[in-house]
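So that you can tell them apart, the chains are marked A, B, C and D in the order they are listed, and the count of residues begins at 1 in each.
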């Protein structure tokens, strides 16, 4: 079973692989990855320290050289990502320029642009406006692209966005009520601190979030009683978002599922060369599972109700004649059209990612995209032929 | 299967639908909904800013116009809700005036009244007492009516109200013990701050809730040791309510159940035209479940132990002759009187809400309200006849 | 099936029932219960306010009368609890004086004693030492006796006491490390605040618990870096106990089990008249479950692996000839010696507490205490005879 | 079945058992254990108090004697642990000196060394540099060796280290954004407090972690709005690590598994005398489970899919002819080569630790280390022979 790939535009393909860092064990991609992270960190640190007057960084020649290097690196990265955009499986059918325009309006691309724009402007117009400063630090957000943990956090927060919005409304109601009560109580005693509801709201938000600066505190007995009630309510204000995110997060983590990305799928024989619309239709149905070294994918005697496609890593299947190795692109488990999968145990040899398609999803897939199912069956049959032959 | 409805009082019915915003895709209801939310936010903001002397909002003509508009909007809303109250399924059998009186004493109606009362009083009596200020901000609570996340939060807190009460007692005990200890330790050194136990309690509550203003701090060594112990206890004080709400909330969320409301049910053929007492008896037994696009309601080969009634959305049932669409009011799954449901897979095509009645609840229902079961069976038989015919 | 009880000492028995408040719907017990709670709250409030010089409560005649009334009430309560101590099922075999001595050294009895002791001393010795003040507020802890939520909280904390101890050690290590680092950094700049490690520890504990008074803050750049690291570590310090208690609490709650008390058991026919050692041997094996109104105890068609004894409330069993009511002391489910329980559905009519004994526990019980099993079987047979006859 | 052990070097073996404290009920090991804990606590307390000038501890003769005693105790402990290092099962095949070198570079050994090194240096060089102070307090970390709860905490934190890293990046981004916004807003009003971004970062970290010293607070209206947003974001910053650790911790606890240590295994007949490489290969596959007194290991009628090896404690197996006691080293449950285990119930008589090897792990073990499986089978057969004979 050999992987068939388009030969042209090899360099662009190679650059895409380096920037996406999808191939495990690609040392050049790793080097580029860590170089970019280091450049982001150094350049953000520089921008922060440049505001300290005593350091006078802006008068140092090496500071400007460092800034220039980072700018060049980010500009090259932005240009490179723009150039390789047509390599992305979802945009493979589009004309290159349209593909690049599509990429340019994605959030990561806009962050990348925002990271270089203020420098480009200050270079060309010879002015360094402070309003651009915030935009300049945006490049810190580039780090989000390189961290795999953000996904789970983002999913956990997004899953409960309505509950969190309710929390925020409750917090606002709490601030309003506490501020009004304190305004009515303390405005005659401390007119400079509780002279209006907005001023009292500063105290209320400080207290409800348990920050408690202490710059504004009630001094009357009734004010302190209101303050005490506000603090106790603050504990519940604290408890609600924590409870919501915690319960959401534990469910997200419990699934141990990771959304499959286009670049993972587009490398696998059964899925490569699919049209973008078909891929876009299939992808939301797919989830991958991670298995640590030594973990059982299929247990002894268990007849699984999933079709598995290996995405990354290496597994061993315990056949009657010994162990058989499984690598990326290999298919095992329930074959479409068969009622039962043969109950052979499979175990991960190294940390592996596997695409698990449930029986019901398979039926759905068979009805909508029979070609994909045909390829999956063919891939599995090839395997069996290898085994028996 | 045609839905039979009363024809008279169409306008009142339409207004009820708009105010309750139950029909998906009703753009007029959406507009009214967002207009009311915006009016609430603007009017609360205005009331808050009116207390800032420097802005002198009360001297601006447009401020009074805005206030007046909001007042009119809220009064109209209150009157309209009062007028359509007899449309509510639970009050349909009551005489209109009794139905309105019933509605007028519910919590949302009282909040709506409290939102307009202070303005009405200040308009009629030409006086704007500050004591009414708190009442005026009550209108912020009107937002709770429009947020769907409150339900889960409220259920989570209510479910553990005894545990939370215990937490509060523990917190009180902690405040008492810490304040007494600090009073005994520091009252000679700082008589102005720790001169009595109530004064020391201000420090204790500030510390136990980790707010820590810093306006009252121990200065002696033994006072600081007591302070350190209080802070560490504060961590546990913090942990208890968070733990309670978190575990409660995750269970509430885990069920993915939403309590069925009267207006949902009263639209569905099997339940419409039921007497209010019968509805009131059935409703607490019913829970609805939400299914996202593409989720399986009944899995392939699974013989479900539930009778399902579609509340909202659209589903597809995979029959032998192809897919069949299911919409609001359609019944599928376990039929009362049959031992087993036919194991056909059902999947949500768009986000749907489904009423799932467990086998045991069905038996209970059959014994108490055979008419309802008769209708459910008839609805399901109509379906099957459609299918085979 | 009639309940056989000892007739003598009816008054002592009645008083025991009132003080323990075990019989549902006992209005005298409820009145006594709420009177005692109110007396505790009033007397603690009085003791707190008595320390405020401006109120001069000690010079008011009614304050002394209130104090005296509370003292009398608590003394009478203490005496009464001491007198009825032999009624407790665990102490029923002991001679009355020994039973009372046993009770007098339990924690609740000692709290009750501590609540009256300082007053008794100040009455007899005409001196009101401040050192007794803390002891006097101990009576607040009497409330714990009346709150049912404490049990779950206590179990949740106790279950993870080793993990919480580890947390405390980690917190101590954090305080030590942060204080030492800050001492080395800031002792020359702020010798009055960071002049020794114990002084720096005050800052460290204030920061790590996120209380942050602000009376001691670092001013140098390196001190602020250390402070920032300490704050971030503080978040984890906060997270650990919350995580531990939350996970423990959700498991405690998930079981929905409540430990069976002696007074519950000793009222039920199958268990009454058992010797204290036998009861003490059986009790740790027993757990009760709560069922809300309408909840299924045994589902239709389910053959339960438990023997159930109704403790409180009322249930209905759906037999072939109609519903049959079950009340306290009734036995149903798996009979010892039978392989399978007859699969009849049982449902709670009101909120009920049921003792559920697992099949394995039944075997264990049968081997160790055949008499108890004999009684359970007899009780169940009586039921069945009632049913078929 | 008699345990065969090497007779030589009995003293070293005994000392190893005392220091590792693995044998339950070893009173000498307990005494040594608590003596070392007390010495650590006293010596750390001494080092902390020595920095208080007013106490002048360094001029007290008994302080130096105490210091000397602790130094001697730790040095003896370090030497003893070094001497007995070859007794560790993993190092048993190595030459003694190599085994000791291996031990000397482990983390606990380095902590032990760091605990005595500063004293040794100050003794020999007659100088007490302050830079060594932090190192000296390192001995507090020796306590981690004695606490069993650290393992669960460490595993919980380590399991989610990527998610926690993402949290940290989010926190850094929050600090950056808040500090920049506040720098732009307040730098003209309070140039001494918000004069540069690093200075504003001090305020931002103080606020986001809800510490809130109050030494730096915004005074302008726009600054306070930014402050309020920062505080609300701070709640989410707080919620994320708590949620992550809580969900991770509850999963770690839910397993109730404890990693098996070498010293546990090396005492058991089926595993003793194995070569270090074989042990090192097997150990990661093994988990032990704790069972409290009275808990069921195998339930009645359940045919377990595990092979069990008793590690600690005592159990009773309910055979046909009565109960049979099981102790450390005994094997029961699924025998390798048999398809089904005989379904006899087993229950823990005292708190016990049991090694549970899953059926799949057994197959894996059988393929890789047939010798181990042979011993397990032999041990189980011995048992059965004892029973039937």
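The rule is simple: a contact is a pair of C-beta atoms (placed from the backbone, for glycine too) under 8 Å apart; a residue touches a chain by one contact, two chains touch by 3 or more.
Every value quoted in this text rests on a predicted model; they were computed, and no experiment measured them.
Interface equivalence for A-D, evaluated over B-D, A-C or C-D, points to C-D, where over half of the contact pairs coincide by residue number.
The pairing of chain A with chain B is characterised as different-residue: of all residue numbers used at this interface, under half are used by both copies.
In this assembly, the C-alpha centroid of chain B lies 46 Å from the C-alpha centroid of chain D. Between the CA-based centres of chain B and chain C the separation comes to 32 Å, rounded to the whole angstrom. Residue positions 198, 201, 210-214, 238, 242, 244, 246, 248, 250 of chain B each touch two or more of the other chains. Here chain A touches chain C in the complex through residues 210-214, 242, 246, going by the rule given at the top. On the side of chain B, the complex with chain A involves touching residues 44, 47-49, 51-53, 130-131, 133-134, 137, 140-141, 143-144, 147-150, 152-153, 156-157, 168, 171, 198, 201-202, 205-206, 209-215, 237-238, 241-242, 244-246, 248-250, 253-254, 294, 296, 299-300, 318, 345, 347. Of all residues in chain A, those touching chain B in their complex are 160, 162-167, 169-170, 172-173, 176-177, 180-181, 183-184, 195-199, 201, 207, 210-214, 217, 221, 224, 227-228, 231-232, 234-236, 238-240, 242-244, 246-248, 250-251, 284-285, 359-360, 363-364.
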